[in-house]
Amino acid sequence: MTEQELRKLLEEVRGGQTTLDRALAHLKKLPFEDLGFAKIDHHRPLRQGFPEVIYARGKTPEQVAKIARGMLGNGSSHNILITRADRTIFRAVRRAARTAKFFPLSGAILIRRDRAIRGKGLILVVSAGTSDIPVAEEAAVTAEAMGNRVETIYDVGVAGLHRLLEHRRRLTEARVVICVAGMEGALASVVGGLVAAPVIAVPTSTGYGAGTGGVAALLAMLNSCAANVSVVNIDNGFGAGCVASAINRA
Amino acid sequence: MTEQELRKLLEEVRGGQTTLDRALAHLKKLPFEDLGFAKIDHHRPLRQGFPEVIYARGKTPEQVAKIARGMLGNGSSHNILITRADRTIFRAVRRAARTAKFFPLSGAILIRRDRAIRGKGLILVVSAGTSDIPVAEEAAVTAEAMGNRVETIYDVGVAGLHRLLEHRRRLTEARVVICVAGMEGALASVVGGLVAAPVIAVPTSTGYGAGTGGVAALLAMLNSCAANVSVVNIDNGFGAGCVASAINRA
Amino acid sequence: MTEQELRKLLEEVRGGQTTLDRALAHLKKLPFEDLGFAKIDHHRPLRQGFPEVIYARGKTPEQVAKIARGMLGNGSSHNILITRADRTIFRAVRRAARTAKFFPLSGAILIRRDRAIRGKGLILVVSAGTSDIPVAEEAAVTAEAMGNRVETIYDVGVAGLHRLLEHRRRLTEARVVICVAGMEGALASVVGGLVAAPVIAVPTSTGYGAGTGGVAALLAMLNSCAANVSVVNIDNGFGAGCVASAINRA
Amino acid sequence: MTEQELRKLLEEVRGGQTTLDRALAHLKKLPFEDLGFAKIDHHRPLRQGFPEVIYARGKTPEQVAKIARGMLGNGSSHNILITRADRTIFRAVRRAARTAKFFPLSGAILIRRDRAIRGKGLILVVSAGTSDIPVAEEAAVTAEAMGNRVETIYDVGVAGLHRLLEHRRRLTEARVVICVAGMEGALASVVGGLVAAPVIAVPTSTGYGAGTGGVAALLAMLNSCAANVSVVNIDNGFGAGCVASAINRA
Amino acid sequence: MTEQELRKLLEEVRGGQTTLDRALAHLKKLPFEDLGFAKIDHHRPLRQGFPEVIYARGKTPEQVAKIARGMLGNGSSHNILITRADRTIFRAVRRAARTAKFFPLSGAILIRRDRAIRGKGLILVVSAGTSDIPVAEEAAVTAEAMGNRVETIYDVGVAGLHRLLEHRRRLTEARVVICVAGMEGALASVVGGLVAAPVIAVPTSTGYGAGTGGVAALLAMLNSCAANVSVVNIDNGFGAGCVASAINRA
Amino acid sequence: MTEQELRKLLEEVRGGQTTLDRALAHLKKLPFEDLGFAKIDHHRPLRQGFPEVIYARGKTPEQVAKIARGMLGNGSSHNILITRADRTIFRAVRRAARTAKFFPLSGAILIRRDRAIRGKGLILVVSAGTSDIPVAEEAAVTAEAMGNRVETIYDVGVAGLHRLLEHRRRLTEARVVICVAGMEGALASVVGGLVAAPVIAVPTSTGYGAGTGGVAALLAMLNSCAANVSVVNIDNGFGAGCVASAINRA
Amino acid sequence: MTEQELRKLLEEVRGGQTTLDRALAHLKKLPFEDLGFAKIDHHRPLRQGFPEVIYARGKTPEQVAKIARGMLGNGSSHNILITRADRTIFRAVRRAARTAKFFPLSGAILIRRDRAIRGKGLILVVSAGTSDIPVAEEAAVTAEAMGNRVETIYDVGVAGLHRLLEHRRRLTEARVVICVAGMEGALASVVGGLVAAPVIAVPTSTGYGAGTGGVAALLAMLNSCAANVSVVNIDNGFGAGCVASAINRA
Amino acid sequence: MTEQELRKLLEEVRGGQTTLDRALAHLKKLPFEDLGFAKIDHHRPLRQGFPEVIYARGKTPEQVAKIARGMLGNGSSHNILITRADRTIFRAVRRAARTAKFFPLSGAILIRRDRAIRGKGLILVVSAGTSDIPVAEEAAVTAEAMGNRVETIYDVGVAGLHRLLEHRRRLTEARVVICVAGMEGALASVVGGLVAAPVIAVPTSTGYGAGTGGVAALLAMLNSCAANVSVVNIDNGFGAGCVASAINRA
């Protein structure tokens, strides 16, 4: 309810067009969410550029396809992103949406209906080892699904610094850097020291032994000596893509 | 090797004073850091808007004052930020810099020499309980020292939702939100759900019992169901201010 | 040994039908729990409204069905609750009890023989995400099996506050609220702030990364800034239903 | 703002006693919590029987006394509870409130202005060892401050079962039992098995070695084989008192 | 090298059949373990009453049977104990030893060749829940294999104290008590308080949630308020049986 | 209630001196602790050889001295053991008991009133480094206070094996070995391999870095490859002394 | 930029085809990695004696064989080491390299093309229990693949010290000792005390219970009282082999 | 017992001066440590180049000075190293040894009596931040005390890579590199990738928040993607110096 509407109601009370009881009822029932709050929520996907998202793990191919079909028919034209799927789910989804594209490393499926670029700059996804690529890919696909220009640099671990330093130029051009690394997670600190842009660090659960499951990388990233680094949870490529997109669209 | 020296070498090649082989040998040995890399680093404070920073913990008042004095005399005009100081250190610093300002809750000292606003929007610092204010203040002072417009909303814990919801408007206006909370750290998720901007979550080490020292809040923030939340380490208000500034200046 | 039996024994002593030595032997062997203590135990299901419970995990369908059959034939009319079962176990149980009902999400089976409502008010089960529903269902079925009126509100995570706030009225009407949430477990604090009733928080093992397995949610709930929250173990929907019933029948 | 006040305002608009702009201004400023939501909050202390509470740790005696003085003068007559104080704080508070009472073991201070008993039954606080008494006392004082009848049984650890069993009668009479124990925390399970009432378990940080700081007791209580046990955080006597009071006033 | 062999060597030196240098060479090379140390080791099974033990996990049925056959043919008559086996392994072993007996709950196989009772008193194995029985059985079979009189009391959890108290007499008669419990592990403290004998506590990995895998029970037992309790590792029934036997044969 | 009393009651029923109702009431009320249970407890110190024990940490010298004086005057002649005291407490205690002896490394105070040796063999306390001696001393003094013959071997860490092996003979003569070690706790395994007697391992909180506070030693001892080792909590010399005494007196 | 290109540029400067400014600009932009840094990397395998390594886990047999085939054809003659493979992978690899050798316990495959011994002394691999052999074998094969003389001593756990002490001579002869142990990891300390050479300790994930997954052994080794011990991650036989080789070739 | 003594004994047997029984008795009793084992130990400091070491923490200045005086007078000329001391201890030590030198950052004291360089190459100590210097200094002083040539490079954290890369030459010249870093510990991986020499990584306990106390750096170093890195415990500069020396003297 805007100020204009409120003023109009009071004028009707004064003018007698609205009885006192009706005005009272109106004001009493006034659901607090009508005061802009719930509207914000309905508009949220639009404003935030968030695609419609389905987390596929623990759902059957039929369930995922059914949800996707519902989204396809709901009149909006947001991109539809399905995370943590597999080839069987993809086949079920493709029957509903011929243009669905499968990213086998991350298990992401993207149904692209909106190709507008809304992000202001480049989001660069950098990853350390080959086993970090699935998480890096999930981050990249998520950021793309949200209308960002995304590039990737894979396999630039810190034990072979020169491979990373070759890409110095692109690193400094990016508006946001997503840095994906398992093991000792040192890549985030090195990259953070090379760029002025914000760095979103994603620890991955690669490796074995103490600190396994991504704990070593997570702690390393939280303790990064580079001050422009913030962190999302282990293997959370999706979250990194969302945060990067939120930054890039600010 | 400066540009002048390089130019001189080439002139000698052209003029024949230096043989081609000697020049080649010289250039091959040329330490790469002389070719611009280290310069990037020297320029880093300027480009990143990072102030000169002194971490005071573990230093004597004299040591801190001496470092500050050195910075004051180095010809630059960056702001100087001293973190984790106390009143004794402040007195020593004020003798060197009359305009130094002390923030007693966080122990930050700011010597402001550059008042330009370089950030593009508002950085809003939101905190949950009164014991989170020191960390929130550190984040706010850091972001200010880096040339950002900063506002704060303190004491809006989730157990009294209406206090937070009153500030809905300012929340949605901010370009970056820093969310500081201890205990169960739920504020980050609630704020993340209310805004489209990126949210930097800072767990604090308040409270006692299991999950103490900020671990409960840290884990909660890493597991936030709001997808626009990234996290810095426990009590790391300085880091949050840096990340927020990096985002706001992108 | 009931009071009647004890009286009868003493009458036989008095009347001489039983020799003193036989009575003495009888009383000496009398297991000490027969002297009041064990009665408490035998009567415990009745007084506490606890149903007969079978924890199915690790048991074969035949074993579960056999135990259930034993309970069905023991002369009591308590409800029989089987937790952590699956469809195969259900089929075996249904052969013994036609009226058995299966709850596929939680794997609970309920054989209802006693439909009396003994709880004084409403137990409301609130859960955050779709993956928390299995645990929420176990809590709800348990509380029902114990003779309580139970309602559920699912999928009201804190990142979309308006969904929760829509149910404000029912929340304030409940006599006990069970709050089931994984991830960052923030729901317990938000609900705790909205109601005066006791809130039983149940962390769930949903999600991945640091704090996985429910640890993040557990720590968050233990550190809740709402003072009317107590906690049961991760995924322990059964325990939450029992505690809520104990409160509701007090 | 009550319905009567709202009706009166609208009548004044209709009757012309209030200009439209003044009414508008009034309604616009109307804090959103006045629309039903915040009433819950303002009335919350009353309905929940929550006393006004000051957490003294980290505050100076003067700060605590000043806050207490503010509460004493705000027109309400709620009890005032100060937790984690010491004798110096107590002296400062007593100057403001002659009737303030100090509980030296727990450091609680209670200013009793409302002696009504609002709880429906007995809250029984049971503790295991002498070093658990401070936490038990905090729980007891908190529950009393909230208008409950409270009794205590101290020093009934499970290694000397007979000491606990002597109190069997009182245990079964209580409407809520608060069970405070450090070390291995076994008391909660044993008490839980003896009573039908809900048991609030409070782990304490007594002892040394592995599992120190209350972790062993916390984990034991979360894993209690008695199904009527829920848990609050380590040393959180205040929380236990609040939960018990919420249950007892349901 | 036995005393006889050593004597023979010296006789040959004295008699001149062996040159001094050859004797010297022999003695110099003489592995030091031949001088009594290794004898201790060879005699160790005998003195300690340790049976020959095969840990079957990770071995094929053929491997286990082959090792067992080797032990059967080595001239000794020690009992042979195989732990963590399954029915397939048992079938392979029974072909080698007709008298082998399988304990299906613990997966232990015992080939009894020596039925002498060497322990001085009764070893009593007490366990809390039905899921603790496999570990309790392993402890009992191990102690039996070492020549001890062993009795068991299963399913006497502390939430139903009267079940344990029924066995008071046997508890006080035992020379050693092995106490097996998962969940909150409280049984060790309660039993420790009832007896004067040493109590060997074995935490088990039953249950789910925080403290799972036996950690809650382990910490509880290490923090037992009963001073006659020592602990072996989680699920280590074999170790408990060994320790109890070592005590009982002292 | 003894058998005689029970027989007398039944005779009175038969003879009519006691009405059936009075007998019934008597038998129904019969507190179970009257059946010998509580008596057991009163006799427990005597039977178990446990001294009277005061845990001094957190008590004032006056409090400790007062409790000691109470024990001295209660008519028994048990030894009195005070643990974790300091020299100030000792001075206060000595005023009450001239014969009190102070052990400065462990802070133990022993008032010896009963010098009988009740243990059947030797308890040998072995420790690894000089910083483990305080805990070793506490174990030794405790075992002595309980009437055992105790010897000690200090400073025989495994990095200098020969120092330990020199004491081989005494090791094999001991009826119980208490093994006290911090750092990597390897001593327990090495000693366990050398003796047939039960070994009580006590991890100590010496050292720094990962596994500090005794965790590394605790885990090592729980995972000992020697099967005759059981463990008490970190720094729990008192507990080790109690367990060893319980074994030695069996 | 190769040396040829650099030479050509300088010739153009000398000859006047390129202006000094253009040459200067070119050289200033010259990516540093072209000046030998990356070459260092290409030469790294040669200088370090590192074989070409394939980590097979998570790759299909075809993928591994294809990578191996690529290495075989790249003109170098380094050894090729494949770790964490299985028999199926081995069969695929053998089709590409007839001389490939499979080590079934560790799953290592070695294609030996360079049999030169480059290490200066003996690397001795010592392991504690039979279940530690796979990791020990990985360490041994890795060190061999790097051109070292390697010997192994398996199954010399500290609970049977004499077995280890038999090998005293070889231990003191080794230039580097790799010490592989699970359980309590005590072997590293004992071996460290016997030799003057550096000891590389490898914890293994054998065993069960608390400290499982190698954590107990890792912490023990980090806390070793022998000062010549350093540690690699749990089960990291490959890393131990690399470190030992780096030491042996220094 | 030397070879000569053994030969003499056998000659006496041959010659009849010693009866067979006496010789037998002599040989049987022959303590195993007489066969060279303990000698090894006495010679150990000499062979290993280990200095005499005093760990000062927990000792009084007088105690440290007394031990040092004992070492000074024992006839050897090893260097004497005192770790974790302070200025007061240093003053006490200097009275005994005029040449003692104090290293205030690490608290090390070195009494140099043997200036021979026994190590074969350079030990280079590299550290990341200023707060890592105390641990780095301890490592450097320890290695020097053991007769090694040592150089240091401080303050070369990975967030400013160029500072580290400037020292490329010295890094590749070192025979052993000790790498000291707190925070995220990434320096070890970066240095490990730059050199072929073995790298000893020392995590330090600098910083605050999650992973504090050096845990983040420790885990990062254990998970280093550089294969020539091994690790010592947190803050264990002494251990790193010992390991490096053992490598350098091999």
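Letters A, B, C, D, E, F, G and H mark the chains in the order given here, with residues in each chain numbered from 1 onward.
Rule of thumb we're sticking to: a residue touches a chain if its C-beta (ideal position, glycine included) is under 8 Å from a C-beta of that chain, and two chains touch if they have at least 3 such contacts.
This one's a predicted model, so the numbers in the text were calculated from it and none came from an experiment.
Following the contact convention of this document, A, G is the list of chains adjacent to both subunit B and subunit H. The chain with its Cα centroid farthest from the Cα centroid of subunit B is E. For E-F, the equivalent interface within B-H, A-H or G-H is the one where over half of the contact pairs agree by residue number, namely G-H. Farthest chain from subunit C, judged by C-alpha centroids: H. Residues touching across the subunit B-subunit D interface largely differ between the two copies, under half of the numbers being common to both. Inter-chain spacing, taken between the CA centroids of subunit A and subunit F, is 60 Å.
One finds 41 Å separating the Cα centroids of subunit E and subunit H.
Under the contact definition stated at the top, the residues of subunit D that touch 2 or more other chains are 32, 37, 160-161, 194, 209-211, 215, 218, 222-223, 233-234. Here the touching chains pair up as A-B, A-C, A-D, A-G, A-H, B-C, B-D, B-G, B-H, C-D, C-E, C-F, D-E, D-F, E-F, E-G, E-H, F-G, F-H, G-H. Here subunit G touches subunit E in the complex through residues 131, 160, 162, 165-166, 208-211, going by the rule given at the top.
Touching subunit F in their complex are the following residues of subunit H: 31-33, 37-38, 41, 58, 205, 214-215, 218, 233-236.
Contact residues of subunit C toward subunit B in the complex are 128-129, 157-161, 182-186, 188-190, 192-194, 207, 209-211, 215-217, 219-226. Taken together, the subunit G residues at the contact with subunit B in this complex read 3, 6-7, 10-11, 13-14, 16, 20, 23-24, 27-30, 32-33, 35-37. Subunit G contributes residues 44, 47-48, 50, 120-121, 165, 168, 172, 175-176, 194, 196-198, 200, 218, 222-223, 227-233, 238-240, 242-243, 246-250 to its touches with subunit H in the complex.
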